[in-house]
Amino acid sequence: MEAPEEQEQSLFEAPPLAEQERMVEAILFASSDPVSLRELIGRLPHGSDPKAAIELVQKRYEGRGVVLRKIGDAWAFRTAGDLGFLMQKETVETRKLSRAAIETLAIIAYHQPVTRAEIEEIRGVSVSRGTVDQLIELEWIRFGRRKMTPGRPVTYVVTPSFLDHFGLESARDLPGLKELRAAGLLENRPLPGAMTLEDSEEDDVVDNEDQTELFED
Amino acid sequence: MEAPEEQEQSLFEAPPLAEQERMVEAILFASSDPVSLRELIGRLPHGSDPKAAIELVQKRYEGRGVVLRKIGDAWAFRTAGDLGFLMQKETVETRKLSRAAIETLAIIAYHQPVTRAEIEEIRGVSVSRGTVDQLIELEWIRFGRRKMTPGRPVTYVVTPSFLDHFGLESARDLPGLKELRAAGLLENRPLPGAMTLEDSEEDDVVDNEDQTELFED
Amino acid sequence: MAEEEFEEDTLSVSDRMAAEALIIDVDGYEGPLDLLLTLSRTQKVDLRKISILQLARQYLAFVEKARVLRLELAADYLVMAAWLAFLKSRLLLPPDPEEEGPSGEELAAHLAFQLERLQAMRDAAAKLMARDRLGRDVFARGQSEEVARVRKVTYSATLLDLMQGYARIRTRDEFRPFVMDRDAVYTMENALERMRGLIGFAGEWTDISSYLPDGWSDDPAKRRSATAATFAATLELVKNGQVEIRQSETFAPIQLRKRIEGHDGSA
């Protein structure tokens, strides 16, 4: 049935146009690339009229969920433009925030407004850009005022949507170290850190003042 | 009362059935693999009736160059069987299956779930690992439940992609299945006087139950 | 008899070729059941009406011929031959009322069933393979449009996570990770370091116990640790080719000395 026997084939009449239309439909459907007119001529039975068949297909699919598109001098089926939204499947995945992100977020919440350098000092490790970006993307932190220190570094503060997510009315509601300890969230470790402990509690107080400023308006 | 998003969504009416038909058409057309009813439900607007829409699509494509096929509980557009000759270009040369592989596949399809020992009993020769591996690799067979017989051997069953490949809606549509069953040729008849008589008869019962489950609905 | 059987069947060229093929190409058969099925074709009757007795004879003749041609037959072909010989005798002899077990007819019926079932599976396989197949006769969409998976990741963290995280940072300074008390532990690293400084002087065989550090030989726990470490360090030095060790008998003192180039150790 293939190429060389064209003479033989021409002894038979070309299939009816409706049949040619089916053939074009199938070829265009199965082909992995748009199919040119020339290719169609090569693949349809001898004597076929692919142009007419394509027109029929095009008409048949008009307004359907799938339409025939001309791409260059070739044709291909495409899903209708208005249905593109169906070709997306949204999957929601819940992931636990990384430890670095949680710690950074916690520092911002307790110390806001706080600069990146300050966060790094408190955590003792550098803060990756990705961590901050992620928290900003989550809309849990945002940029605060620049600090009036050399270099005027930007600061970070938590957002209302942070408060919303964590069920807090204000950042002041975050428990202090004493309360954390009372709640058993802090292991009671002896002496060496005692000094820093007090410091940090002081920090907290300072913080809260700043926070007040930030959230009350 | 349902979840909040659902309430919100149900405020909008589902699109008209004709529109749903377009959507189903687009989704099924876009995918080269069968799309399950469940996935359709997940992707269509809330409140849609994919089953009714599928029926419309199926009717619309009846006799066309591309037809809608049911495979298991999923649907896929496929070129019409009579137009295969046009597609030589698309044919992917597949590795020729050995006779052993073909027979093993048929035995699994008709006797499923079936153990390796049962396949060997039917073929009168041991089944090579490569044969089973090849069929698993083709995704035509997979492991089924273990049999409740001594040793709890694994069983093999055919997969949806087997059905898709051979154009079967379900394993019940295997050619000649009814006749074979009526002729008793799908039974696992033990050798008369064999020591394992009782065991194998028990096997049979389990078998038939399993088959019933697989082949009948 | 064997010759006779085959002569009988050589009515057509294809049958003759089939018979020859059996001899030459035993490997081409998928086991004895397959061979029996092939032989049964020469009977040209419905498998249900097949003469198992005749089939048994043909099979045995085949096995005999293979033996004459010194062809190696796989064990399962021989097992089948033995079984068929047994079946043949059962079918030919009048049933013995004393004898237990299934009759020759029952066994023959079972074999016929097996053959019929195998044939049925072959036919089914052929029908299956002849169906319109995906990728050969029937085609899927060539340009499938991937469903874009819009993965929306939501991150979760609880207030507790947050507070614990903060607590973790603020108390890190106070935190001393648990470490084993190592007062009485002399490590291999210690020993290695010590020995590296000493082996330069070990020209003669010396007991390794003399390498124990000062103050580690009185307390038994300390001595044990130091001995083990020193021994391990010695092995390490042997491995590096720096020293040689020897022991004259079990539990005798282990001795070591510096390894001299071009001088193979005696151990």
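Lettered A, B and C in written order, each chain numbered from 1.
The rule is simple: contacts are C-beta pairs under 8 Å (C-beta built on N, C-alpha and C of every residue); 3 or more make two chains touch, one makes a residue touch a chain.
Here the structure is a predicted model, which is why all the values come from computation and not from measurement.
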Nearest-to-centre chain - CA centroid comparison: B
Name the chain whose C-alpha centroid is most distant from the C-alpha centroid of chain C. A
Distance between chain A and chain C based on Cα centroids, please, to the nearest Å. 45
Between chain A and chain B, what is the gap in Å from one C-alpha centre to the other? 35
Centre-to-centre distance between chain C and chain B (centres being mean Cα positions), rounded to whole Å: 31
Would you mind listing the residues of chain C that make contact with two or more other chains? 139-142, 145, 147
So chain A residues touching two or more other chains come to 26, 29-32, 77, 79, 87, 89
Note: in the complex, chain A contacts chain C through residues 26, 29-33, 76-79, 87-97, 99, 101-103, 105-107, 109-110, 122-124, 134, 138, 166-168, 174-175, 177, 180, 185-187, 189-194, 196-197, 200
Can you tell me which positions in chain B touch chain A when the two form their complex? 21-27, 29-30, 42-44, 63-66, 77, 79-80, 83, 85-90
Quick one: which bits of chain C touch chain B in the complex? Just the residue numbers, please. 30-34, 36, 76, 101-102, 106-107, 109-110, 113-114, 116-118, 120-125, 127-129, 131-142, 144-145, 147
Can you tell me which positions in chain C touch chain A when the two form their complex? 139-143, 145-176
